[in-house]
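Consider the two complexes below, in which chain A is the common component and chain B and chain C are the respective partners.
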Partner chain A sequence: MSFYSQVLRAPDQVVGQCFDSSARPSIVGRALACITLGGACFGFAAGMFRGWEQALTAAAKLPIVTLLTLAVAGPALCTIARAFERPWDFATTVALMLAAGARSSLVLLAVAPALGLIVDSGFGYSAVRLTALAGYSLGGLSGLSFLVRAFGAAPGRSGALLCFALVFGTVGVQSAWLFRPFLGDPRDAEVPLFAHGRVEGGMLGALLGARHER
Partner chain B sequence: MASPIARPWEVVLERSRHPIVERVALGLALSALFGAACAARHGLVAMLVHAVGVPLGFAAAAGLATPALCIGVAHFDLPLDAGGVGLTVSRAIAVAGRVMAGTAPAVLLLTVSVESHESASAVAAAGLALGGALGLREVVRGFGAGQRLLLFAFVPFVVAITARVWWMTLPILGRGAP
Partner chain C sequence: MSTAALIFGYFVGGLVSALLVLARPPARTLRIWRSAALALLLWPLWLPVAFSTSEAERPARRPVELRISSAVARARSAIAGTALEVILTDADARAIAGEVSRIARRLDAVERELRECPLAAERARARLAELAEGDARALDEVSELAELLATELTLARHGHGDGVEPLLAELRARLEALSSS
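Moving on to the complex of A and B:
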């Protein structure tokens, strides 16, 4: 079974391989490929809302957001796991995180055509934005289910997952916020590469539709 | 799935003649990293102030609450191993420091990039709460069933002392940057 099939069908086996130092390099390489491809396709589908140029920009930005989130939250996973009696070393933690990222990115790859269909069907900005958010959340849940297996059945699993989900979720939302726009606000005549300089009340404010110019 | 992989510094601690002192020093040093990260938004001076303030909270809590707990245990004539209490508290500080050092990159990204100072304060407070809670968990796990009843008084006391010290020494929690 290939890594791509294994991470979806038999995640427990991939978890086991992450603890094997000889199997880690191939897991890391393939996981990075999944994250790049899945994120790029999902970003491309989302960016099509404002045309080819925005599609290519979003395709480049989304994998960077995922990798930035994984890089920043990685040390937190390692230390939180150790606090809950999972003595993972850093290399194991990185392999587990990337494999979880690969699983969620494969889900994004599957969701991308559906998102593209919604964009192509002429739905409005809010509908596309919420669909993209739902698709990304679905991918996140799939990655989280991989980590649930990695934490095993020993006591402390729920606490560790809760603590890590808090850190990872906050960092993920903020990273996406920093690299916005992905869809491109219809009120912008020309979609900027980055929306720095705008005060929009953070991710929550954006979801509620608030927008103010600095 | 867990694998018992020992880290070099943990091996050093196991072989150490002063494991309590070294664990405390390690925990305090790692928590200082968190302090520096959470104040990066306000510049170098603020980073230094917070790098001192965060470990100070742990030091104050351990220094003031541990003797109080020992007196409480003795007052109720419960068995007490002073060395064991020291080890438990030092392990708790090390766990809290390690978790805080692990979350420091996330806190750095968030506090530097969020739009409002209030959001930065909330992020810093959440990081302090997470590290502190996991440290307290280690203390609770380290005590026997008979002594756990006393922890109902000990835990709020530790939380109150630590929160008070952090409130006084960490301007990011609401008093603005130094």
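Moving on to the complex of A and C:
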């Protein structure tokens, strides 16, 4: 069974392989390929809402957002795992996290044609945005289910997952905010590469009320 | 810090990482160049894996290692979600993989020694050849046991596996013997 089938159909086996140092480089390489491809296809489908140019931009930006989030959240996952008595080394943590990312990106890859169909059918901005959000959430849940397996049945699993979800969610939202727009706001005559009048401090800044519009 | 400075800093980090990856192994194979390229672009994610162990530079896993890991994976998936899961846990599978990998690494080293020192004393070469033969035989036996175990566990899932316990005991004994060798 190839890595791509294994990570979807037999994630337990992939979890086991992440602990095998000789199998790890191959898993990480393939996971990075999945994340890039899955993110690019999903981004492309979403960006088609505003035409080819935006589709290509979103296809480039979405994998970068995912990889950036994973890179920033990696050390946190390693620390959280250790705090909850899973003494994973850093390389194993990165492999597990990327394999989870690969699983979720393969789901995004599967959802991308459906999103493309919604876009092509002429649905409005809100409907497309909601569909994209639903697709991304589905991918996220799929990745989370991989991490549930990685943490095993020993006590502390829920706590560890909750802590990591909090860190990953915050970093992910902040990264996505910095790289927006992906769909392209219909109010913009021409979609910018990055959002106009960006609120400095990103999503967290906006939530905390630190508004310094450019 | 401006975005341009941030991107510049990131790629300086990537360049240093790529150079470190290239400087580490004695020979620069295609695999090492690929690893360096990944380190240049994605160093925060790739570098820990590239530097985790020297295993990353091994040419390839031995076919017997792949047979064993595939058999263990098959055994695990045969009992997944059943009461039999406790017979062969994730920890057991990891222990088997770890021990097999250790023996395979030792076998690699012994074979390399035999290849690279053709003028070594006859007695030393005979000793190395004996060690290599023993390790290769042990791995073959473990592979055979793992494959039998996978089949038995598949049968056990359907209520026909009578030989699971003795097979598992034999596999554990064989691995224990290997770990003390």
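We adopt the following convention: the second predicted complex is superposed on the first by the 197 of 214 C-alpha atoms of A that agree within 3 Å, B and C clash if a C-alpha of one lies under 4 Å from a C-alpha of the other, contacts with A are read in each partner's own complex, and residues count from 1 in each chain.
The rule is short, and it goes like this: contacts are C-beta pairs under 8 Å (C-beta built on N, C-alpha and C of every residue); 3 or more make two chains touch, one makes a residue touch a chain.
None of the values given here were measured: they were computed from a predicted structure.
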Is A:Ala110 touching anything from chain B or chain C once the two structures are fitted on A? First, second, both or neither. neither
Touch check for A:Gln174: first (chain B), second (chain C), both, or neither? first
First (chain B), second (chain C), both or neither touched by A:Gly152: both
One more residue to check, A:Ala23. First (chain B), second (chain C), both or neither? second
May I ask you to decide whether A:Gln13 touches chain B, chain C, both, or neither, giving the answer as first, second, both or neither? second
Comparing chain B against chain C, which has contacts with more of the residues in chain A? B
Between chain B and chain C, whom does A:Asp89 touch in the aligned arrangement: first, second, both, or neither? both
For A:Leu166, select first, second, both or neither according to whether it touches chain B, chain C, the two together, or no partner. first
Touched partner set for A:Ala73, first chain B, second chain C, both or neither: first
Common ground on chain A, meaning residues reached by chain C in one complex and by chain B in the other: 15-16, 19, 71-72, 89, 92, 152
Which residues of chain A touch chain B in the complex? 15-16, 19, 71-73, 75-80, 82-83, 85-89, 92, 149-152, 154, 159, 163, 166-167, 170-171, 174-175, 177-178, 199-202
Note which residues of chain C are touching chain A in the complex, please. 35, 38, 42, 44-46, 48-53, 55-56, 58, 61, 65, 69, 72-73, 76-77, 80, 90, 93-94, 97-98, 101
Inside the complex, what are the residues of chain A that reach chain C? 10, 12-13, 15-17, 19-25, 28-29, 32, 67, 70-72, 74, 89-92, 94-95, 98, 152
Contact set on chain B toward chain A in their complex: 1-7, 95, 98-99, 101-106, 109-110, 113-116, 119, 123, 126, 130, 134, 137-138
